[in-house]
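In this document, chain identifiers A, B and C correspond to the written order of the chains, with residue numbering beginning at 1 in each.
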Amino acid sequence: MLRVNGLMKRLDSLVLLRDVSFEAKKGEIICLYGPNGSGKSTLLKIISGLERADGGHVFFRDREITNLSPWEIVENGIAHAFQIPRPFRSMSFLENLAVSCMRYMDTDDAFRQAERTAEEFDVDYLLERSSSSLSQGELKILEILRAYLTGAELLLLDEPFASLDVENARFLKEKLLALKEKQVSMLVTSHRMRIMEEVADRFLELKEGKLYAHG
Amino acid sequence: MALNFLVSFFSIALMALLVSTNFRIGKFLNLSLGGLFAAGGYIAYFTPNPVFAALSGLLFGTLLSLAISKICRSVIEATVLSLGAGILIERGLEIVHRSSYYYFVDFDYSTYVILLGAVSYLFVLGIYLSPLGLKMKFVEEDHELAELYGINTGMIFTVTTSLASACAVLAGFLSSGSLAISPTTGFGYLISGIIVSALTAQLRQVGAVHYLALLAISFAAARFMEVLI
Amino acid sequence: MKRIVAETAVMLSLAVIMSLSPYYSWLFVLMSIYSLLTLSWLFMRKAGRISMGHSFLFGFPVFLASAGYSFSSEVSIQLFIAGCALSFVIFYIFAEMTGRTAFVFLTLVFSIFVWVSSPKLVFEKGGYLTGGEVGFSFPTISQKELHILTGGTLTLFYLIYRIIGESRAGYFMRAVGDDETASKAVGIDLRKIKALSILLSGMTAWSAGIIYGLEFGHISPEIFSVEISVFPFIASLIGAGNPFASVLSSFGLVYLSKILNSMYPGLMGIVYAAILILSPKIGWWVYVKGKRLDEKAG
């Protein structure tokens, strides 16, 4: 489904990613781990078009998507959820979710779809809340559901469990497994290995920009 | 001819220096400098005393820096506040000294702008080449970190804003002989200073090198900017 | 929807009531011009851009048109269209090449630059010099026609603003206004949304500019003044960002300026200055997302 070939990224003289290659299958959850600064977030940003690659190729469903604009990549079925949640602050939880669907349906249907999804993931009690009043755990859920509602088949989740307590992390883990049941693929960066072992199908290690161990 | 060019060059270079120091050290675009320049012209007309001009600028700058420190949290807020302060000066001048005509003074000290400009540059360069220069560069680069390392950024901000304001009033005072004085006299100078300062910022230099580049770009741009002033 | 209808009804009632006296009709047109300017500013603010140089968008096409009117009506129309296109392109380029903070600086500095340099436009026509600080003449229409045109234009753009706010484009503009990176991540084409908000803003400002020309029959470089640039910022600040309250505050500010300036010319400028100085305290909403003072200057 996703094929990354020889991806390169430099920042001045610093090499952030060197010759990174891997594949991801439909419905698969891959955990990308490695020390801070190893290039995990950069890799996700390049796949989602938020940063440009200096070399190499990214294919999704056999279509080259290297260095396309972020909105074109979302149209192709890939969405990015940030490590530090970035809600639309002037909007409610419901509006945040609905905006994601508006790209491919009209506003009324988008709101209905957002409500349905919130109910399905047991977070409908948050619908009317303003996004600026949400807790860290609730913001993480919002971030991931918002990415899912773009119609994505592949989610790029940057440290979804970071700064969550045990209970919130467990709640989030359940949501990721629910998404997996819907055949949504995920590329997840994380340091929380114990939780990831319960979720991930495969592990990839990034160290100093190089992907050199498959767990 | 050459003297006129030097006056224009130093007028633009001085305004660019004031804009630049305020932006790099004070972290805001000081839009009150145009109003202060005009105020200098009015002081020359009504009270031809350069010391009074400099002291008024100093006082205004201190008040401005205090107001910014007290109520602003962002670069935009501080800039808008300084714009308000600039408009306050201009409208104040218009109300107090309303006239259908421009004011003209019967003396011409405009060549002293060369001296004021040269002294200001030497002063700034001297600071950057002295041990204090390292602290200034630190403040320029990272305000928050400089504070954590014990540099009194608040004091540096107040001194910079006050001195820049005093210089702007003094420049307006000295230039008054070659100007038709009106509340909006200073805008052309301010815009020239901002343009030169923005062009120099593209070189991404810090410290003394930045201010030397500012001088060089002012020299190169003086001919074009003369139209604005 | 009920609310929009009620707000529109209030505006139309004002238009009818103020048409009863020639002075109030003239005042209504002036108030509406500034309200349109505020609505124009709000379109851009919706997509997260604070313009402090809105006098350029408002004044540039009509200033060119008035210069062209010295030659013929055809030249005037052609220059107006060229002015609209150019002002749109300039603002779009500014929005593309700068972040939120730099956009504020750039628009403000640019509008002051145009204000300072526009009096240099002087040419000879029929043995007389026209332009300069005096400016150019512009055609006028009857007060009754102008009143109807203005009332209609204000209502139209107000409805467009409100209806767009509830539409997909409106939500996308809000999203971009809140967070550009997050908007990209949910598949919003930032360029299209920025262009749309500037186009809507421009259309509103250009209409206001034309009505301004028709009201005064004359356009001078003062159309680019800082006070016109900061007016929509101040009106929106008082209206707390609510479009209806901002339109009403524009009406109120114009009325107040007539009263204060008749007491002492220039007095309203002091009020504007005081509001700008206090704006960080009273208008927090307008400043959200600006670069912090303790951040590294770019």
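Points worth noting:
Here is the rule we use: a contact is a pair of C-beta atoms (placed from the backbone, for glycine too) under 8 Å apart; a residue touches a chain by one contact, two chains touch by 3 or more.
Bear in mind that the values here come from a model prediction, so they are computed numbers and not experimental data.
Here C is the chain whose Cα centre lies closest to the centre of all protein Cα atoms.
By number of C-beta pairs in contact, the leading pair of chains is B-C. Centre-to-centre, using mean CA coordinates, chain A is 40 Å away from chain C.
Separation between the centroids of chain B and chain C, computed from CA atoms only, is 30 Å. Put simply, the C-alpha centre of chain A and that of chain B have 49 angstrom between them.
Listed in rising order, the residues of chain C touching chain B in the complex are 50, 52, 100-101, 104-105, 108-109, 112-113, 115-117, 120, 226-227, 230, 233, 264-267, 269-270, 272-281, 287, 290-297.
Interface residues of chain B, counted against chain C in their complex, comprise 23-24, 27-29, 31, 67-68, 71-81, 83-85, 87-88, 90-92, 94-95, 98, 140-144, 147, 187-188, 190-191, 194-195, 198, 227-228. Only residues 166-168, 171-172, 174-175, 177-179, 181-190, 288 of chain C touch chain A when the two sit together in their complex. Considering their complex, residues 48-50, 69-71, 74-75, 79-82, 86-91, 95, 98-100, 102-103, 106-107, 110, 146-147, 150 of chain A touch chain C.
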